[in-house]
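Each of the next two complexes has chain A plus one other chain: chain B in the first, chain C in the second.
Moving on to the complex of A and B:
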């Protein structure tokens, strides 16, 4: 591919920490990707609207607040409504193991818990791009 | 529906996809723009430039909101540098425009400078055309006012707003060298900080030193974070457009921009023809060898190369 992979890095939910999101943003940039960073406290609607306008290949979200079971599936659902189901959606943050199967069922392609090497995320994106 | 029709219809995904295609130099996108070019020219294109951290994104957000109150459709192209080492970038301008994301009358697109070389202005100009067809009344292009390629980009705008901040001091001298003359409007942002009136005065003095100026650019003090001075700035932006139209300057500026654009496109096409031909026939390689060995001079070599692509259809 002779164009960079475009990734929207978003931080949904009300918690005010975006360190995790920034770490992943930098790692993806260093891997040659074009990262669109949208900042803190984004609603699913804002995330999806930005993802559509930016025509991204990937939406990567990070949540610490525990609202992942609501927010992640909501983003997947809204993306589908927009007809953008060729966009890879991944999530990260503090996510209990028990929640992971349900989230995958809901359409989140993969979930990365704290301590995952950023190279795993990069590899996952590169091998699972949908377009 | 086809992409072209969807774009004309104001479909956001079509708009987004076409901007990507234009950015990636896609042939189909160029055909679509050719077909729809007659629908462009209605948007007022505004370049927003100035030092990094000067408040360009914050200000663009506020300008867009002011224009939304008049129910105008707004497009924003925010350009950020790409790392020359990794080819990657973090485009963070949207952070300052978060609540515009939900407004269906605003379309924001972030763009990296990539390895585009001269192609960056081609990519942004392509995106401007797409947003114009999409139906935007106003299109903002935000770039950091440093490199030549950024200056080239904002030059393609109808109106250029140069953002300054208080306390630039000697930096104004440095900015003056390349950029002062492209500003149609000067906005001293962060006027809540110390020294804004002095900076504004310095800019005015500098502008006074230029005797050839047909129109003296206004110098405003604004505070983007507090939404202060924005109505004024919107007024000046509109006034500049009226001035351009009345003095027949808009047509002239667009002509001159078109000239630059055509030359750039032609130049690029010629280079790509030479390189493509070289891939199949190796003529450039052979001739370069000859020049290095002094069998042929570079000027005759040029003539030979140009001759070789004369009959190739684009």
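Moving on to the complex of A and C:
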């Protein structure tokens, strides 16, 4: 691949905890990726439209409010509708173990929970990139 | 602190110690690392001695508790007089569920309530708004109207408890609802005790539940100051919060510096609105974090008290001692808890509790061990509350006031944090005050740099987090986490449909129109909000009117 990996780091929903999202954004950037951060309070529609417009390879979402079961699958679904199912979608935050299988089934490639080193996220993206 | 002769003697004996005793030991047993750092990454010396506090004047800088500059505590007898208020932050799902949890906490010995609202409530949307989807009742209780608030405090006499509400952008509306519930209980507003967080600046900086732009937000806050100084005189009208700034990744000194800078902005706004500093300053309160570095944290609280006292006296010319006295609530540090080996979090919380108490907190929330995983269960909340009770009744640290005062390290560290915090305040003054420093992203950037630095130190194992990057074990995923029933959203939506069918909709429209006019003009908006609340106007309707008049805040996004 001759261009850097492009990643949209997104905060869906009303949650204001953005320390994790910002730390991940910086770590990905330091790892040589091009990172666009959406800021807070994005609807799934806004996230998908940003992902398409910015032509990203990865959408990385963070939620700590417990709304992940509603919002993550919604983004995956809208991405599919836009024909962008070659974009890798990952999520992170306070996600109970019980919720992870359902989210993966819905099309979120991987979920990263508290304590995950940023290097794990970087490695995962590099290995699982779909395009 | 010491005369010249004594100091010279000490210097000589120190040299002697360094050359002989210390030198010998180091040559045989080098220290574990070249440099030692506090939890905030400040270098820490091997040893502190009288030389490190030689420039501190006891009467001027340390003094006595309950008296300027309040370094040793807000009250003269501290916990010998009355223990801190054990106040557990709680709320989830519906008003009915949360009401049950509050009654349980009161039964278990909790002395004050602390209400957690869900995100739609905090951002001024009703449960049936499209942006509320998936968030209703998740991180706190869903409140759409006075009807929910009546259920929330059902059977809890509002003249007997003090209630803290973590609410910011729509603080005026929730306070109005509280006053209206009290009215229905036959309790007049001058008997109400409690706190609204009402600190919008740190929402822009770190917490994210803002609604309106800076200027109308500051106006709402000063309207509340003014209204409460007359009608709700025992109410703490704001809780100027460093907690979330620290959670976002700041250092201890940044926590103090940025929080007091926000405090300065509120005082300036209120003075500009024509209020006398001594009419509202005694009702200002603060909210700090408690992290694991016990001694650094204790010094932090002492530094904050001294610095605020000086600012109020010297910068704002406050006359009343109560205006200079910094009172604060503490919450243990959520970001210090690990999802790995969650039982270890009980120990972390115990250390943090000790820090808050040795630092002289007025009230305390202790986090539960499972909070890196989910909202806490009743069992884990009980352990967290018991942790406070053990420190209060068994540890002995409550029996004398400010027991760590006079420690060479504590006094030196207190001074250093005060000076470092003051540098941040000066820098923010240069930029044009906290609101401006937030608009240009200065404060957010400083915090982000510290947060990223911390993360890199953890990942390179420079900083050890037990159970996470060292002493790891294979573990089963924890069982019995609290789950909020997704049906809550439907339930709230149905309640709204019922409410809108039952209430006098014409009266609601009239009250909302009157509120709109007040927002457009410069009258105090509180009485109009109270009228709309009494008529069962919903939170979303009331905030909707204010959104139309005031507009919405646009975040500046940077990484």
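The rule is simple: the second predicted complex is superposed on the first by the 131 of 131 C-alpha atoms of A that agree within 3 Å, B and C clash if a C-alpha of one lies under 4 Å from a C-alpha of the other, contacts with A are read in each partner's own complex, and residues count from 1 in each chain.
Everything that follows uses one rule, which is that a residue touches a chain if its C-beta (ideal position, glycine included) is under 8 Å from a C-beta of that chain, and two chains touch if they have at least 3 such contacts.
Every value quoted in this text rests on a predicted model; they were computed, and no experiment measured them.
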* Asked: With the two structures laid over each other on chain A, which partner does A:102 touch: chain B (first), chain C (second), both, or neither?
  -> neither
* Please indicate which partner A:29 is in contact with in the superposed arrangement: first for chain B, second for chain C, both, or neither. => both
* Touching A:16 in the superposition: chain B (first), chain C (second), both, neither? -> second
* To do: May I ask you to decide whether A:69 touches chain B, chain C, both, or neither, giving the answer as first, second, both or neither?
  => second
* Asked: Between chain B (first) and chain C (second), which does A:115 come into contact with in this model arrangement: first, second, both, or neither?
  -> second
* To do: Could you tell me if A:94 is touching chain B, chain C, both of them or neither one (first, second, both, neither)?
  => second
* Considering only the touch criterion stated at the top, classify A:39 as touching first (chain B), second (chain C), both, or neither. => both
* **Common ground on chain A, meaning residues reached by chain C in one complex and by chain B in the other** => 25-26, 29, 35, 37-39, 43
* Asked: Which chain C residues qualify as touching chain A in the complex?
  -> 119-120, 122-123, 125, 131-135, 138-139, 203, 206-209, 247-249, 335, 338-340, 372-375, 448, 451-452, 455, 458-459, 468-469, 477-478, 481, 483-484, 486, 555, 557-559
* Which part of chain A faces chain B closely enough to touch in the complex? -> 2-4, 6, 25-26, 28-39, 42-43, 45-46, 49-50, 52-55, 82-84
* Asked: What residues of chain B sit close enough to touch chain A in their complex?
  -> 12-13, 15-17, 19-20, 23-24, 82-83, 86-92, 94-95, 98, 101-102, 107-110, 112, 114
* **Complex contacts: residues of chain A adjacent to chain C** => 9, 13-19, 22-23, 25-27, 29, 35, 37-41, 43, 65-67, 69-71, 94, 96-98, 113-115, 117-119
